[in-house]
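Just so it is clear, A, B, C, D and E label the chains in written order, and each chain counts residues from 1 on its own.
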Amino acid sequence: GCGARAGDDTAGAGSSAAASCVDTSGDTIKLGFLNSLTGGMAISEKTVSNVLHMAADEINAGGGLLGKKIEYVQEDGATDWPTFAEKTEKLLTQDCVAAIFGGWTSSSRKAVKPVVEKLNGLFFYPVQYEGLESSPNIYYTGATTNQQIIPAMDFLASKGVKTLFLAGSDYVFPRTANAIIKLYAAKLGIKIVGEEYVPLDKDDWTSQVAKIAAAKPDFIFNTINGSSNVGFIKAYYDAGLTPAKTPIISVSIAEEEAPAMGHEVTGNYASWNYFQSLKTATNPKFIQSWKAYPKSSGVTSDPMEAAYISLYLYKALVEAAGSFDVNAVNAAAKKNTITFDAPEGKVTLDGENHHISKPGHIGRINADNQFDIVWASDKFIEPDPYLEGYDWFPADIRKQLTDAAG
Amino acid sequence: MTKKPWISLGGIGVFAVLLLAVAPLVLTDHWLNNLGKYCCWAIAAVGIGLAWGRGGMLVMGQGVFFALGAYSMAMHLTLETAGDRIPAFMVLYDPLAPLPAFWEPFRGAGFTLAAIVLLPVVVAGALGYALFKRRVKGAYFAILSQALAVALAVLISSTIRETGGDTGLSDFKYFFGFVLNDPANRQMVYLIAAGLLIVCLLAVWQFYRSRFGELLIATRDAEERVRFLGYDPANVKLVAFVVSALMASIGGALFVPIVGIITPAEIGAAASILMIAGVALGGRASLFGPALGAIAVGWGQSSLGSTWPDGWTYVLGLLFIVVILFLPNGLSSLPARFTGRARRTPVEQPTPAIAAAELEGVRS
Amino acid sequence: MTGASLVVTDLRVEFSGFVAVGGVSFDAHPGEVRFLIGPNGAGKTTCIDAVTGLTKATGSARLGQTELLGKQVHKIVRRGIGRTFQTASVFDELTVLQNLDIAAGLHRRSVSLLRARRGIDPSIERALEETGLTGELTTPAGILSYGQKQWLEIAMLLVQDAKVLLLDEPVAGMSQDERTATGELLQRIAAKRIVLVVEHDMDFMRRFATRVTVLHQGKVLSQGTVAEVQADPQVQEVYLGTADAITEA
Amino acid sequence: MLELTDIEAGYGRTRVLHGVTVPTGKVVAVLGHNGAGKTTLLRLAIGLIKPSKGRVVFDGEDITSLAPNQRVKRGMAYVPQGQQAFGQLTTLENLQLVADGRRRGKALIEAQMARFPALEKFATRKAGLLSGGQRQQLAIARALITEPKLLILDEPTEGIQPTIVAEIEHTIVQLAGEGINVLLVEQHIGFALQAAERYVVLASGFVTQTGEGGMAATSTVRAAMAI
Amino acid sequence: MDALIPQLLNGSAQGALLLLAALGLSLTFGQMGVINMAHGEFLMIGAFSAYLVQQVIAASDLSIPVALPVAFVVAGLFGLLLEVTIIRWMYRRPLDTLLVTVGVGLILQQAALQIFPSQGVPVEKPSWLDGQLTILGYAWPMRQLFTILLAAVCVAALSAWLKYTSFGRRIRATVHNRDLAETTGISTRTIDRLTFFVGSGLAGVAGVAASLIGGTNSQMGAQYIIPAFLVVAAGGIGQLKGTILAAWAVGVALAFFAYWTTGSLAQVLAFILVIVFLQLRPQGLFTVRTRSLA
């Protein structure tokens, strides 16, 4: 027999989704963690997975979620986007977890999105990304563009930067981020003098850096991800480029990544919301707990902190909702009262777009591979994934995107 | 080669009953869907068995043909989902540009189906013709085919607006008019995949028992010698290669509605090698070996990869080593080993001057 | 029946400067067992290589009206030229029957390749009997002995119905009575086909050759009947040697 | 010198040799039809295959489990059937390969080149490009350079022009005279028996006859082999 | 036009790195017929060796010169281990070595991921490699010069070894026909081990060079393996001079393609170039013909 056809459209949101199989009767509640523990992205995602474990342990030690201990199911996304989709479905339909935490690359998130939407599950995504997305089934605890990219551009403008070179990995986040950067740069009067992409899994940047050297930009905007950054920084240094004359601002080099680049990276900038060097009330405890954690990597970083937030945010959500039910959680979010006293400061959840408010920071890498904070936004920046508050972003694109998203 | 071909036919029958009747009854939706995915790999594996096991061509780049089917299907489903708008991901990079010209024909269901069948035939035909006529073989062929898969994967990754890049194509709502979210329709897609796997098995069953099957083995073992019997070995290999490409394409095409996403990683070096892993595990030259091996590897990835991700990589690595080292003819050679009914096979050839001489003449 | 003859004229083969065959002419006709002899390296195998398309050559080699040089190997075979190799090469993993069946398949339509074999071709049965391999029907060719492989090669030529059989040292590794059997087989075959044999076994040549061509350093040194050739002092000098060598009577 | 006692051996599951014992002697000829197991026996003697039963003793030492190269070091040399040479190496390199590390290596090579003029002529040619007979000459030369105590020859005159056949046969007799032992497979029964001190006839892997060499044996052997 | 000199130099350096990665393969694949897909991981082992040496000898000016021989030996020993445990059983099945070593590569990658920090480790460049050398108006990074020099030294050492020692002959003989080699008195076991040791060791040296260019982490080997094989194939199996020429050509092509197009497309184009080339010359730049039928 055949099922529904395109015409008889009952395929509204979640109509065919099987009733949730989450078991809330016992004294534990299952959560799913979905990170790449193998393959190329394991380089970054292992730490995120570990910090999720730490957060779960902490919450359990404090009594759990609605009095139930967290029982987590760790899944390996294996740096393979279809696997992310498969595991999401498995976690939701076989393990019956109440929510899933994880993902790193935007590609992995885009693979998870249709599945959580189809099955009406919950996914908490902890990494800065390119924005222009929202989903009733995803909570974004990393920065959207107006919380990381735009502050970085503002910072550059304030430094009187006139020419900018864009260097990125060849995938959705850098491509989209750079599209936005170009729009904003036009508005700011910054000239883009070049744009280069190299595949994620390729390290050698010498040819591209030669082009950068020839273009002599005031600043380099770096959206490279992962190990490729090491090659980029080394080629940059070898070509005789220096932070004094041609500084780099990165959005994916953090305390975790910097050590692998050696001294060559020192003196360059990064835009993040969280730095280990931040002086907030809760940061010391976070750093201390992490350093003491058995699977610790020794330093804290923005994506880790965002992952840490995500679990606590969920805790706040279920407590506000008094239930693990997805619709109840979303309803609780809608009240816009969910906050968490995060290491980066007190963040507030936007119940409409499921992002959180964040402070903007620019740090400069010092010899200890820590960041000296050189700029901070004057207040927490409200999330604006579709850049509705920015007139330079073309309304028709926004409309097309929101239309396409349904 | 099988002594009693009808036993194999019976085997296919049993397999068909298991896949088409038993599995839908006993498996949950999730596992049925996973089994569907393994069937797609199995279809490609059956083709690899033909080309590699019987034909001696170590096709390390079947991802290329998998991609042709998969992306043909994915483009069609993307357009079906987008309706008359341009696909959402394209808006991100350049909202004003039109739909790339090569997308346009994939709106048509008929064109798409034809492309899934004809594209691999044409591409494999041209490629195989160029390589086999020039007598590119052995390790050269293996590495070249792998390089091709890598090149295609990188190409797709680097053309985000045209192909979706590294993120791939996903979020399909409809499958030729059927709503993909509907469990009944998903089961239908599964049945199509399982059914096509059976069809492919039947096709190679006939190939193996035919004279062509023997000629293929002859070509594998002594390609140059075949020339002196009046055959052009390039043509013999070409047939096997094209058929295997077609199967990979069909596997790829069904992968898309079942898994709901296709990305360059599914066609690149690692994915192409994983397809080989299943074939090696099951038994490259046997009828059922490749299909069962592919299903086993897929299952291992889903289940062991879940419970023991670090371990799974080791298991997979060891699988390659142990199977190739101790069971070059795969698990399907085990029964024969134990029952002792094994045919006399020339295990240890007295090396005549010609046998080991040139690397390019080397097989398996 | 008088089939077409093989006529080789002014055949030349050069390997980056080295002239392996430098203007050889000879002919062979159905009904005779033609021998090609000469010292090691004289160019005998190279001649066969050239005629069968394995090596590029100039000059001409015709079967009847058809020029063979310049054609692809498998096309030459389809014209009815068959050969064996100095080192026997058969399909090790296939049985004797399968080896022969493939050889017989040359003139089949290609669609028929997709069907399974039913029964044994009468031509295959005949070839098996001729070569005494009937008992080895289902033996994988890889485990035949060296001599058996050579018979299998001849059997393959028979079933592929070659008009010309070019045999490169076909009795290598055979014992005396096996040589005799093979020689007699060749005589029978030669009744209707062209048989050209390269051999160093002079006894074998004496017994079975109708005409002999002697090559030396890529040129024809002598040509004629066994007696004529044996009597040629040049042939004695470069090839046969004087009578004091220990030879088998 | 070489004792092969009660040998059973084969390939995979196929048994080829059944309880074969080879008589000892200075020159021992192994005779038999196609496929009788002669080559198998010689491959076993040099160590390329291992017996499932039986012993191989060389110079009083049990070498049943030694690798071929170790047997060569102890003074065995082997000329396989089928004109085998290292095709990618030049003729000279083929010879240097075995002369390396020997005293008077150069002289040994020169001596063999004098014996086989073709080798001198094509010294710099890749052995893979030589004619069959030239390759066979090379193979014999290679074996002789090692100055073996025991020479194992599998149809050494196969494919060689009569003048050189005579030369090789002469060499074999001469070597035997110099005290080198020879294990010989040869289809020229006449020559084999003339040169041999002892002979053994194999049929389907069984020993069907053994005896003393010499012309007198020819007719008995002929009779034994004519099945 | 002003791109000509810089990209030529830059391409030469890329070619030198490729050559370093391909050199060991040219030996193990070209001479021994073993298709070692774990070669990239041996390269990774070399890079991690450099890191470990730097843990002991902190001064990078000194540690890199020390790391080169250490990496050679460490990677070589891994290669030896592989040969002794696995490869030795597979000399008659070259295509199968490909699959077995894929498995070995997977295991080594995963082990590296678990043993070392997952983000990778820093390998500090010696200060004498800082700076640039200005040639025809192009500031040529010293590090690139170093790569070229290192490749040149390795090539010279390797070809001398193959040419002027009897090992070279023995290796080639063993590849051509194992049984025959064995029965002419060559200990093929020793030859195999030694060759594999040297071939893998060269990967280790390449790893040190690579660690100065990109990241040192579990994934680093993967990006070299296919290009390196293509280089060996395009050069002609077992042909050292072919390998050198092919590596240089691919390096320069990559540099120019990357200059004219993007880094991604450059890779695609370079691959296609090699594939087309091999279609035209299936046996590579330099070929060895023999008369055998195989």
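Note that in this section a contact is a pair of C-beta atoms (placed from the backbone, for glycine too) under 8 Å apart; a residue touches a chain by one contact, two chains touch by 3 or more.
Chain identities (UniProt): B, E = Urea transport system permease protein; C, D = Urea transport system ATP-binding protein.
Values in this document were obtained by computation on a predicted structure and should not be read as measured data.
Counted as hops between touching chains, the shortest connection from chain C to chain D is 1. When the C-beta contacts at B-E and at D-E are tallied, the pair with the greater total is B-E. Between the Cα centres of chain B and chain D there is a gap of 50 Å. Centre to centre, using the average C-alpha position, chain A and chain E are separated by 37 Å. Contact with two or more other chains is made by residues 110, 176-177, 179-180, 222, 262, 264, 267, 290, 292-293 of chain E. In chain A, the residues that touch at least two other chains are 38, 170, 197, 199.
Counting partner chains per residue, chain B has residues 154, 157-158, 222, 225, 310, 313, 344-346, 350-354, 357 touching two or more of them. Listed in rising order, the residues of chain C touching chain B in the complex are 52, 72-74, 77-78, 82-83, 85, 87-94, 98-99, 101-103, 105-106, 108, 112-117, 139-140, 142-143, 156, 160. Here chain E touches chain A in the complex through residues 6-7, 10, 13-14, 17, 110, 113, 117-125, 131-132, 139, 141-144, 210, 212-220, 222-223, 254-255, 258-259, 262-264, 266-267, going by the rule given at the top. Every residue of chain B that touches chain E in the complex is listed here, in rising order: 58, 60, 130-131, 134-136, 138-140, 142-144, 146-148, 150-151, 154-155, 157-158, 222, 224-225, 269, 273, 276-277, 280, 310, 313-314, 316-321, 324-325, 328, 350-351, 353-364.
Against chain C, in their complex, chain D makes its touches with residues 11, 14, 31-36, 39, 81-83, 118, 122, 129-134, 136-137, 155, 158-166, 169-170, 187-191, 194, 222, 225-226.
Within the complex, the chain B residues that touch chain A are 28-31, 33-34, 37, 80, 82, 85, 87-89, 91-93, 95, 154, 157-158, 160, 165-168, 170-171, 173-174, 177-179, 181-186, 188, 259-263, 265-266, 301-302, 305-306, 309-310, 312-313.
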